[in-house]
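Paired with subunit B in one complex and with subunit C in the other, subunit A is shared by the two complexes that follow.
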Partner chain A sequence: MSRFPLVEDRDGQTVVRIPLTRGLGLTPLQTVFAFLGLVGLFALPFLAGLVGLSWERLFRGILFGLAAVGLNLLLRHTELVSFGHAAFFGGGAYGVAVLAAHYNVSEGLLLLLGAVIVGTTLAVVIGYFVAGYVDIYFALLTLAFNQVLFATVFRSGFFNYNDGLQVRIGGDRPTLFFLEWTTLGYDLVLYYTTIVLMLVMLLAMWKLINSPFGRALDAIGQDRTRARFIGIPVEKYVWLSFTISGLYGAFAGGVYALLRLHVQPEPTLYVFVSGEILFMAILGGFTTLVGPLIGGIILVYLLEAARFWVEYYHALTGLVLLAIVFFMPKGIVGSLPDFNAWVAGRVREPGRLQEDVRSATAAVREGVDRATTTVRIIVFGVK
Partner chain B sequence: MTSDPLLEVSNLSALVEGFEVTHGIDLEVREGEAVALVGRNGAGKTSTFRSIMGLTPVANGSVRFKGEELIDRRAELIPKRGIGYQPENRDLFTGMTVEENFRLPIWTSGDARDIEDEEAVVEDVFDLFTELENRRNAEVQNLSGGQGKMTAIGRALALQPDLLLLDEPLEGLAPVVVENLKRYIREIIDREISVLVAESNASHVPEIVDRMYVIERGEIVDSGDPEVLAENEEIQLLMQGGGE
Partner chain C sequence: MDRRTVMKAVGGTALAVALAGCSDLLQEEDDPIEDAEVPDEPIEAGLQTFLEGAPAVLGVQAQYGAETAVRRINDNGGIADRQVELEVVEEGEEALENYQQFVDDGMDVTFGPISSGNHEAMVPEINDQGVINVATDGTVTTLYEEDHPPEDNQYSFRFQNHDVMEALAAAIEAVELLGEDEIDTYAGINPGYAFGFDEQEIFAAGIEQLTGAELVYEGFPDLGTDDMSTHIEEVNSEEPDVLFSSCWGGDATLLLEQGHGAGMFDNVELLVGPVLYGSANDLSEDLTDGPIRAGSRNFYWDQPDTERWSPGDELVAEVQDEYGVLPTAHFMSGYGAVTAWATAAEKAVRLLGRWPDQEELAEVLTNHGFFTPAGYHTIGPDHQGYSNAHFGELAWSGEYDAAVIEDVNVYAAKNVSPPQGQTSLDWIESW
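Coming up: the complex of A and B.
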């Protein structure tokens, strides 16, 4: 099925039709997941408490995940690995904080608009310099820009150094829709506003990647020379996609600031955060649209929960990443179709499940055998 | 029927990784003309094409198309000026269908080529390559060698070029496919699109073109009537890797 706008002849007139749903079909399984996801998102503030999860932490996961959705536009389509997306997340967060702390802007939605403008402007500027580069050069340049930004904020009195800025106006939290709210009311209104805007942004991204522009980005990702000789303005398109990608991060960072009411450089702007955003996309499945979002929720939750269990909780990120690369290279959401096919196959032929168990046991037994042999050789010097 | 020069290449020296691989190439293609650039592998055909398309840097020389200098133009502007390019290795966009490969250049070209009716252009290409018609929705990585070449040529035709550069369109194909492709290329020429075709096999050339250049070690060594040149023993020897 073509993903391009259709030209139709209607009453002798040529009409260009861009079908809204074309190319956006969902399989039954995807529909089920989409429905469950929607219900889950809207019920989250109530469900989370019931199962003993922190809703606020999940909310933060969603925000980082949304930044990862933006980053994934570059990763999946133009095949560029950005190590600097915290610049836009942090840029958005600081956009809110600076407007509130220095300019006394008190309405949350205006602050959010400011965040998007600041973060996106950063993406426009950085994108201009990096759009012509690929591979390691692109990765290092984005990292360098990120680090420069971090160091500037960290060392600047305007941004209050490492202590960061409060998103409070005369000690009060911002208004939302020009109304003052209780603590719980504020969080709930912020959450649902974010969810609605996020769904719009996800739909927009879905349309974008299925549009001719998205295909052109795929073409650029495959081979820039090839894209050039059919006339695609490569740098311009990369620049544009970089900007869009940064916009998602800026929005997420802005909401983060409104949620935390306090913005510090380390959790928002540091290059490790860029690495984590990249990792979320890979964890959730960078070949899918919503994978990075799921990756964000899981990683943020895992990292913060792990703080209480393990001393070296950052090692956990590494271990999870290793597991993903070796066993689930398509990420969690990307592997769902394979898993589904596996389950369907076993339901059809239950006999194959026994085979799976047999081959797994055989593999374990073989591994144990080999290990004991090795140990025997080491200890006794004989087989 | 020959008229103004459409493409004039003069004294063109292309660089590949800093080394000069062609030396002072002079050639021209007139409107409505079909011309071949014949030489064995490594003689400089592809480098010449790539330097015309702005894909490789040049040490010196000039490429004028419809009177406009193309050297130092950004590569993506050149197809929009009216030169279509089928590269030697097909270089199709995998994961996309044949039709999407045709439409992508049209969609991203903006108004540069004045294409008002996208559908008509695409159907025109399918009308030419009749055997691609039922492979329209096939992803290009599943095509045969011949179909792949046709798709690459079709993609170059999608912007309705005035000049088509075909880099070894017949190479590596079964004899029957070669015959089909020759027929298609002649049809393209009949549609009044000028063609510059690179070939390593001089025997194919007289059936397709009006005039040919012989390239060897990065230099044009001869040019003229393809019927005469293809029979020339020295040229034949050169093509087989002998001669001086």
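Coming up: the complex of A and C.
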């Protein structure tokens, strides 16, 4: 296949795609975003401080976002809403912590491997039990498994209850690539290793969802009965996608443990964390591949940093989220094409900007009228 | 102790005396600290504590305490002329991240957290970052005894007594009241998380060593539960001589409410609760009936008697005036943590003739002694604060419209904590 820009003819429109792997390519605009994203990711530790952001916090956001990318495989394609994905994030984190605290494993990459094995095994087991269920039953079952794990860890001396486990061996942080690092060196090496692995995982996910397997998952999401009739082994495919989805969470949780060096049940395994991971996907745009990642970064930043800006920081976080849900229902990344189209339209016909202002003003006026009427009825009655 | 002794013991420095609650005693005199080279800008300090949800019962008291100490420091000219600015944030589950943010924001010192799990997560990070943290609580005993012994810990300190001191004081209190031979059985209802398990383990070790009593029931309701009846029924059917409970906040109130409802206090000789008095402002008069000895950690506002101890009296008046509550031990957690650091900082300036760096300040803070209205406190070589532990009969005060404790017993730190270098459970076993 040609490595040069590929010109396709789709429904009479000419579409240019820059091929990345066999059969898959990006539009020029996507290519620009992807390039900027890559530069941003690799320069993050150096750029973040310049604009007053904490890159460790952004790093944690990326990790939760990656777990949300995993969850999104189920949400977007099989249309299953999991309320229990913290089980895999926490499972990965505790995989690292247990190996370090109880078995003195000191190499970070081995710990990470352990995390992936533990979290993915959990996903295999839980996936086996939930794959046959849909809708609210699936959501509640995943939530129940999550709570069972949380309660077990919270009340078990082996996991040191809610005080959690240190990811330090004799007080020292793990080695990475069998080398000891300074505090900053450790964080940087961990970050860049994670980013490289994450890009591979994103690419793999992209290939997966565009493969026949991915199409089969779409079919399952649209109608299970029909999917079964055309010969798709529905439960098996859901089980497999659940496992892959858990693997992403387990990897992210493992890195989180290596970064934080201390694992407690509440920030990793609690069912609210599952809700947050789900919300990250919706916030960033669950119809896109990288949306959940962006959602993760934004939500974690808000949850951690807003308390330093305002007293009622939960209210601020809530307002931001409400604004996004109301004005960007497709999520941040999911709304980008609409936004681009709007900008392009206004550049072509600047006159329509006045129309927009008029319709916005009309909408506000209508809202105020309705509110006034309601208040009048409440205070003075219908007549 | 009279005021003159207090003044002599603290070296008569303006700040130390003000924080001990005796500022009216000072006279103008030449102070070498005035010649010290000290930066002009104010000291920036961060406090993280629980400001919302169930644990805010404790957390907000810690905030009041820290704010009161800072107010007194600033009203008395600051620390070596430097005013203190205190930023308070919600601790949540992100204490480690909050500490990192404080450091990024250039804080000179940080205080908090309340949660022991949060504290455990922070200690290695504190030593990596090298900005002193004086924990208000986070009192799990193994933290400095086993997990972070002095050789591995330079910058992390804790003011409030650790768990062994109140759990053992509870055991001794039970023996003092009922007599060694009268205690054959005991039971425990403790919150089902690390703190509750820690307290029950130490109390069990202590009471068994002191009396040879047998454990008949051990229950761990969830923290913040809305029902303890199954645990209370178990206690009713076992009828233990002593019931131990480290429940706090809403859990303590619930235990007393449901315990009274189910007649639990007819079936036990004594309830000892090391942090029961933390709920002082939330209890009602009828809940204070029964054979209940409530602990108040390292501070009870009326000990020494406020009629004979003006620093205590003035503090209660100030807190009532400012916040409309009675100060509890968690108030002192905040007040004492700030005071420990502030008096050590002033001492360091006096010694060095300039503002100390973090390493020097940590050195001075280790083995540092200072006064608050609660009395004299020391920070040990293990970075743990040591103060008296308090227990008394739970009762009601019409004057304050709040719970009080009467007939208060005070336990010296050395009687309820192991010698340096020994772990608590080993020490108790060696009795």
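What we mean here is this: the second predicted complex is superposed on the first by the 324 of 383 C-alpha atoms of A that agree within 3 Å, B and C clash if a C-alpha of one lies under 4 Å from a C-alpha of the other, contacts with A are read in each partner's own complex, and residues count from 1 in each chain.
The definition used in the following text is that contacts are C-beta pairs under 8 Å (C-beta built on N, C-alpha and C of every residue); 3 or more make two chains touch, one makes a residue touch a chain.
Just so you know, these numbers come straight off a predicted model, no measurement behind them.
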Which partner does A:231 contact after superposing on A: first (subunit B), second (subunit C), both, neither?
first
Touch test for A:30: subunit B only (first), subunit C only (second), both, or neither?
neither
Touched partner set for A:262, first subunit B, second subunit C, both or neither:
second
Is A:218 contacted by the first partner subunit B, the second partner subunit C, both or neither?
first
In subunit A, both subunit B and subunit C touch residues none
What residues on subunit A touch subunit C, complex-wise?
54, 56-57, 60, 154-155, 157, 160-164, 166, 168, 171, 183, 260-262, 264, 266-267, 303-305, 307-308, 313-314
So in the complex, the part of subunit C that touches subunit A is made up of which residues?
52, 87, 89-90, 92-94, 96-98, 100-101, 104-105, 116-118, 120-121, 124-125, 128, 140, 147-148, 152, 192-194, 197, 220
List the residues on subunit B that touch subunit A in their complex, please.
53-55, 74-80, 85, 87, 91, 93-97, 99-100, 103-105, 107-109, 112, 116-119, 137, 155-156, 159
In the complex, subunit A touches subunit B at residues 1-5, 7, 14, 212, 215-216, 218-219, 222-223, 225-234
